[in-house]
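Below, each structure is written out as structure tokens.
Below, chain A partners chain B and then partners chain C, in two separate complexes.
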Partner chain A sequence: MHETITNRANPMIDPALHIWGWEIPVYLFLGGLAAGLMILSAMLARRDGAPLSRWARRLPFAAPALLSLGMLALFLDLEHPAHVFRFYLAFRPASPMSWGAWILVAIYPASLLYGLALLTDEEWAPAARAAGPFEKFRAFAVAKTGALAWINAVLGIALGAYTGVLLGNLGARAAWNSPVLAPLFLVSGFSTGAALAMLLPLSPSEKHLLRRWDLAAIGVEAALLGLFLVGLSTGGAATREAAALFLGGAFTAPFFVFVVIAGLGVPFVLEAVEWRKKLAPTLFAPALLLAGGLALRWVLVAAGQA
Partner chain B sequence: MKNGVRYAMTMDTKRCVGCSACVLACKAENGLPLDGYRDWIVEETRGKFPNLTMEIRSERCNHCEHPACVAACPTGASHVAEGGTVLVEKSKCTGCKACIAACPYNARYVHPKGYVDKCTFCLHRVKRGQQPACVEICPTKALTFGDMNDPDGDVARLLRSRQSKVSKPETGLKPRLYF
Partner chain C sequence: MNGFFFPLGIGAGEIGLVTAVLIGFGFGFVLERAGFGRADKLAAQFYLHDMTVFKVMFTAIVTAMLGLVVAGELGLANVAELSRAIASETFLWPMLAGGFLLGMGFIISGYCPGTSVVATASGHLDGVMTVAGVVAGSLIYGEIQPAAAAFHTSGARGSLYLYELAGVPAWVVALAVTAMAIGLFFGAEKVEKIFRAKRAVSAERPEDVRAERRTMRRAFGTLGAAAAMMLTAAALPVSATTAPAKTAEPIAAHALAARLLDEPWNLRVLDVRDREACAEARVPGAECVPADDLAGLGLRYAAGARDLAIVGGEDESVPAEALAYPGKVYRLDGGFAAWKAYALTAPEIPEADAGADAREDYKLRAAIHAALTGAAAAAPPPAPAQVYVPSAPKKKAGGCS
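For the complex of A and B:
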């Protein structure tokens, strides 16, 4: 027998272990999406061949929009929202959250300028009359399109990876304490970003390209998920207990049903079949991928606090 | 830091009866909210009936040598103050809870006013030459507080002469609450 009684650290009396609610997985999902779209829009523009379609040119604007929603969720999670400015009065190199706060503000100018650079002159014309001094920003962006594409790709990778580092370096939470989370969240962000882009009316050739990239990303993501579980289940007592949450414990059903099967397996098979039979991409696989990306973060954030 | 003042606490599990006076003294001294505790009692029973052993511990923030909470804090609100004491600067705390997630000892909680609160080793009392409230009230003298770097101090003397352990040494954070 081994019984421990305490007036603290008991979720029934004092729910201190569960500190992050719905806001955090929602932010991690939207941040991953924004990261994926930033990388993808840079990759699409850098590829050889046909010029970008109308919606592909507008893709860079999706990142700040999604990020703003995600940051709203983060803001709602703060216990003292009036002190939010404190994130920008300090830079703490040991704190992934501090890195994240600064990456987030860097993304706004980078993605907005890149979006301006990709607009054609005709698309810009109606805005140009009202833009006045902003005309200079567009001229600058157009001149630096290539550099902006690279900056967007690098910031996208930073954003996608830091969300995993944020959870992964918390030694006190066994289910999160894995270096695999950073590449896992990055690849998942890339895959969900591709899925969201495939829901837009892009050109057929762009959609085919996205589907090919997405198939590769899903494969890598599945391998990383496997590594994540292997890493947990071969670690110390606490991490093995955390692995058991996904392999027979409380989170087994949601993890395998929503993340592994519906979120990765089914869309992978659908996309692969569409690709082999040369069918146009449908909306079903992307929708499943997006739901799976959210489920992955939801299950992980909850399991780390169980 | 090696030769400076390093506050630490020892907790004699053989003396502790689990009366919770330390918990209540802390609550009163620091005006804690209804659901807030900076220290707490753990009763741990091991063995097989009727051969049972019980250990009672009064636990609180370990004021670690390498505090994970301070590393995780994005604003610098969590910091290391005088004597290695880990404190939270209320005016800098956004309530993001990264420190709570980082602490393996679950020593922190969210104050209803929106900042993260924790044990301060009663630094305000210590600066006046008094003992922390929990130490002062303990009726069985199970708690001892002081500078562990002072070879003639009570803490250093106890650590020299008795066997001691810390909670979760595998974290590598070097906790400064000895049992």
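For the complex of A and C:
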């Protein structure tokens, strides 16, 4: 018997699997960047030795700025932007999106207060006259600087990991369904955060420290990427097919070119050479790292929907 | 094996691209270390007192050429196939204009496209600006290219190779170029010495200036003569070796119907008849694009993942614009009339004693016809009743007889 199916020629009958465009990878990248900067600014302030340089003191303010840009991208992706308030009418402990929504709002006061706390009195003085009631906030922040550093570090880790959990717990998308994504995105966020900080005119000792941390982060990230691929290729048929996308399939070239070679390998070698030969850090390796961090999210988001 | 020598070619695919990027970073690093990220080093080439660019580039060319030719002679690579895939065909006029523009850009910025990327990586702002110029120029040309399509392919000479023009094996040309390179390297050293000495001596002495101008005239005269020779060679009428013209494969109406029902997402159907005829009746899912409007679809730039089926009228020729599509191109055999006769005309009910194939074919056609026209199809006649044929009675054998 012949079955005649004519309605499949109609639009939208076959399910559309590719529903996330540029907004999601851009949000994941900027969110990871903000997370990395929050952790880094806490780590830089708590190290022993010299006081923070001018730009290092302003680093905490970069996190909410970048996060706002990322959330704008996320907002553009929403089908019903007016419904966004509903995230804040409930807290669902089993939903990564609910966790994320609440983490995002917690970050703003935490990072802004921490930023206020790091400003010197001279830097605050011009604003103080206009600040009025904000003077109290700053006094509070300065009194609790240590606690704020810890809160920023913890919230940064939560934000960085949550972006990975968001993709990782979607069982229907084999390429994303990996517990490794959470630490991978966290470490990548840390590394890109360090890269962004290295583009700023920080003091040489701070740059040196950032480069050392960044080298470690790139190493861990490469290992996690390896684990991610091993995990996919040793799973069931669906996940093996997802691994094949990166190992010979349609995403092999973008993944290895932009993420592995240009995004991790080359900057690692450059930073290692600069470090061993005691050269001043250049801008090229951080620029590559930032592009690689964006490419990682872009390729993963696209491959999961292939 | 070709994949290894063939990073950007068809067939090497994803791994080939990864290899190319690895080689690219290595090449960029070497160029940077050689000082090619600095415009003054590159411009020194034109003033002839530092021939590093010439020496490095010529060495790179000779090394790649020798590697390729040796691999070809050893049977590891097909030189002719690789050359065709990597090198562009010759288009005389656009190449002349493009070469002239590139040269002007090279002189003005001090960088060629590759070294501008190297300079960007070194952090030189002029390098960044040059890369921006390369990108902007490519974009602008891409936008005006459809309007200048005739110019883009003018003066086509096909693929030209020195060894084919000279009628000798490739390795003979390779040896000649290598010998020339060795000679030129010594020459370059001499030229460098002369011009460094000239630079050291102050230019106030007129006899030196005159000598310098003489040398310059000689150098540029030689270059001009070489360019003229190359132009003459390029302008020679050469039988262009172009790929055989692509043709559209005919597809019968029933095969098209089967594909439309089984996998409509893998087929793009274009109806090239005039709009009125197409609007009246067309193959389901067909786009009405009269032949004159095909260029607007940009088929030649499409990915070519889906097959393309062209439905025409009585004229069965397929427009060249459709043949330029990179994927497979079909033409409906018999045009729309064949489709009408097959899918839009009620099939004849088979005879009661028709075979199983004819009955199945009827059911398919009736289903297509019903689906496309909304007409209810008559059920096929019932299968002929099984006629009871009693088996031959068993021979009765008596128990004891």
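Methods note: the second predicted complex is superposed on the first by the 291 of 306 C-alpha atoms of A that agree within 3 Å, B and C clash if a C-alpha of one lies under 4 Å from a C-alpha of the other, contacts with A are read in each partner's own complex, and residues count from 1 in each chain.
Going forward, a residue touches a chain if its C-beta (ideal position, glycine included) is under 8 Å from a C-beta of that chain, and two chains touch if they have at least 3 such contacts.
Because the structure is a prediction, the values reported are computed rather than measured.
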| item | value |
| --- | --- |
| Per-residue contact with chain A, leading partner among chain C and chain B | B |
| Which of chain B and chain C A:S98 touches, first, second, both or neither | first |
| First, second, both or neither for A:T252, with chain B first and chain C second | second |
| Touched partner set for A:H2, first chain B, second chain C, both or neither | both |
| First (chain B), second (chain C), both or neither touched by A:A172 | first |
| First (chain B), second (chain C), both or neither touched by A:A128 | neither |
| Which superposed partner A:L283 touches (first chain B, second chain C, both, neither) | second |
| Touched partner set for A:H83, first chain B, second chain C, both or neither | first |
| Touching partner for A:A65 - first (chain B), second (chain C), both, neither | neither |
| Chain B versus chain C as contact partner of A:A262, first or second or both or neither | second |
| Set intersection of chain A contacts, chain C complex versus chain B complex | 1-2, 4-6, 8-9, 14 |
| Residue numbers on chain C that touch chain A, as the complex places them | 13-15, 17-18, 21-22, 25, 121-123, 260-261, 264-265, 284-285, 360, 363-364, 367-368, 370-372 |
| In the complex with chain B, residue positions of chain A that touch it | 1-9, 14, 16-17, 19-20, 77-84, 86-87, 89-90, 92, 94-98, 100-101, 169-173, 236, 304 |
| Residue ranges of chain A in contact with chain C within the complex | 1-2, 4-6, 8-9, 14, 248-250, 252-253, 256-257, 261-262, 266, 282-284 |
| In the complex with chain A, residue positions of chain B that touch it | 20, 23, 35, 37, 40-49, 52, 59, 68, 70-77, 91-98, 100-104, 106, 108-110, 113-116, 170-171 |
